[in-house]
Amino acid sequence: MRALASELPHIASDILARLRARAPRVHCITNAVAQHFTANVLLAAGAIPSMTLSADEIGTFVARADALLVNLGTFDAERRDAAATALEVASEEGVPWVLDPVFIDRSEPRAAYAKSLVAEKPRAIRLNRAEFAALSGLEAEDGALLRYALDTLAVLALTGAVDEITDGARTVWIENGHPLMARVTAMGCAASALTAAFLAVESDPLVATAAALLCFGVAGGVAGERATGPGSFPAALLDGLYALDNKTLNEKARVK
Amino acid sequence: MRALASELPHIASDILARLRARAPRVHCITNAVAQHFTANVLLAAGAIPSMTLSADEIGTFVARADALLVNLGTFDAERRDAAATALEVASEEGVPWVLDPVFIDRSEPRAAYAKSLVAEKPRAIRLNRAEFAALSGLEAEDGALLRYALDTLAVLALTGAVDEITDGARTVWIENGHPLMARVTAMGCAASALTAAFLAVESDPLVATAAALLCFGVAGGVAGERATGPGSFPAALLDGLYALDNKTLNEKARVK
Amino acid sequence: MRALASELPHIASDILARLRARAPRVHCITNAVAQHFTANVLLAAGAIPSMTLSADEIGTFVARADALLVNLGTFDAERRDAAATALEVASEEGVPWVLDPVFIDRSEPRAAYAKSLVAEKPRAIRLNRAEFAALSGLEAEDGALLRYALDTLAVLALTGAVDEITDGARTVWIENGHPLMARVTAMGCAASALTAAFLAVESDPLVATAAALLCFGVAGGVAGERATGPGSFPAALLDGLYALDNKTLNEKARVK
């Protein structure tokens, strides 16, 4: 994927321009800890967040949304009911959606639930190494990732010090980001929400996912240069994302 | 309302001084995304937030509160039950309350619920143009706003690039604020909470509402000068609100 | 306790080093307003937060946790059910836990519930003067605090302008912190979570509690020097906590 890797900064810049022009609405079923930062990441990027979980209205919200995020960080009855309705409507209306199976390696009922959601055809799944193992039953080496992506028809985004994004046929590696991202809550959750926003304006899910994670990683790198610790980091990341341009993306991108 | 417009900065400064001296408690039934920032806006202004939704105790909390906010951004059964008890107690005890009918233009059950709450006599309703149309069934032109304010006996505060505040007899327009306020979540929700705090210490609801929105708008303008993007904006707004004084209000106010 | 007082900065520095090395997981049952900041305080200090409330999995999360926080700031049925399961598992597995009886002075059902939790043997209870009176039925003078600590076998941490920490036999007073801490939400809640993290790596509960509150207070003092108001204060506190070292602790500590 050398061509895609080298072109990704330009492509990401184009998708970001479309996002800012179209302001897609991203409906988020996400955990209570992440809601506030996730909303601000979407707004900083140019998208519009909505987050209702109410059974009475989530169907309407999702039907008119441009993308959907289902994050399992709070695994409660209210959110499971909301997800059931949301995914049914998303399927009917063709709304692309992202699965973020937070902490499924720590809880078997949560892992079982995540597996049932994969059958609902997420366009992308963002997770870490331990979560991948719990979801797929496979060790997170390259072959397993490709196989699971082909099996599920989802783009897999394994994030960490290096992000690996694959649809089974094409794979890119992104080495941006910053160590402080591991010392602030909700960073991964927000990256998943941004991926949903990119899927709203880009039809190739591999490209959308890789571009979203590149933008998030470059904004994180910029924030790492400016922040004086994990406290000042999230605001710096949002400022970096808001100001992100083609020049910065091309200068800072480390994609293979 | 030329006299009120020109005096509003001084009046706002006086109300803010009373708020800081009396530290009224404002009970907030608000959405999960907005709770944290709303609490910090109230604290920065000098008020005390409380936010419990529990059926067992919300009556006690509201009975002893100095003002109440009902925000519909999370339209769930728990919050509707909480609102029913809270409004009954507020009515018995004469606690002034503010309605913030978030996103009612996106969901008919939510709009119907908001209409039922207007009958419970909010002292003020803060909303945007689309929410006003959904609530009143009228287009948001001046005559409609005045008529709806007279019909409901509530102060209407239509916020946007210019805020318009009216009780049907008196109207003021405020041109403060900053474009970054649209790129950060919970700004409107927090402005509604601040309005509730001002109603706790000022008996004229038009004056209280206009003064609260002027303070919030001037603090937002100050923040816009200091912030480097939407990430650093909320902290700068809180700092600006905490430090707000008569001099800044008079220098920066753009009221008609 | 002159010896403990004078050695506390060194001891706190040692415990913090262990915390950073071991990265204990602290499960938090806490209120919705405080969840985000609490998670970030734990991460900045070097611990790992988890916050699920789901009946299906909280038992598993607590069984494998290194410490537990039960904060009563949101007194709802979901959290009470979660706390019942969590405390049963914590007792079986010997997981140390901290009680934070937020606002029990404002609501009798909440105070009664807090009293029932004290019987479940929290390792530490952090509260303010009014909450102590509601919990113990005693005025918060020195003798009462010592007596209640001896009766409950819990460390009592009464926080305010001066923090008083006692197990009935040993008492320390800490004069760190900053007035802006009263103008930002969730500061006390986060201090309780940090206490739980310290209990995970230090077996003497008095020492763990005093060391946690010293670190939090010194970080707050550093933040007060850097912040320009209550908006910029929380980020500065997190940065201060992340960077906290033996030198700063020894220079800034005001312990008796």
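We just call them A, B and C in the order they show up, numbering each chain from 1.
As a convention for this text, contacts are C-beta pairs under 8 Å (C-beta built on N, C-alpha and C of every residue); 3 or more make two chains touch, one makes a residue touch a chain.
This is a predicted model, so every value here is computed, not measured.
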## Note on the structure
subunit B turns onto subunit C (C-alpha superposition, degrees, nearest 5) by 120
#### Entry: Same-residue or different-residue interface between subunit A and subunit B, half as cut-off
different
### Task
Could you give the separation in Å between the centres of subunit A and subunit B, each centre being the mean of its C-alpha atoms?
33
## Note on the structure
Multi-chain contacts in subunit C, i.e. residues touching at least two other chains, fall at 32, 36, 234-235
### Task
Provide the residue numbers of subunit A that touch subunit B in the complex, in ascending order.
32, 35-36, 39-40, 43-44, 49-54, 56-57, 60-61, 64, 78, 234-243
### Summary
Note: in the complex, subunit C contacts subunit B through residues 31-34, 36-37, 73-77, 103, 106-110, 182-186, 227-232, 234-235
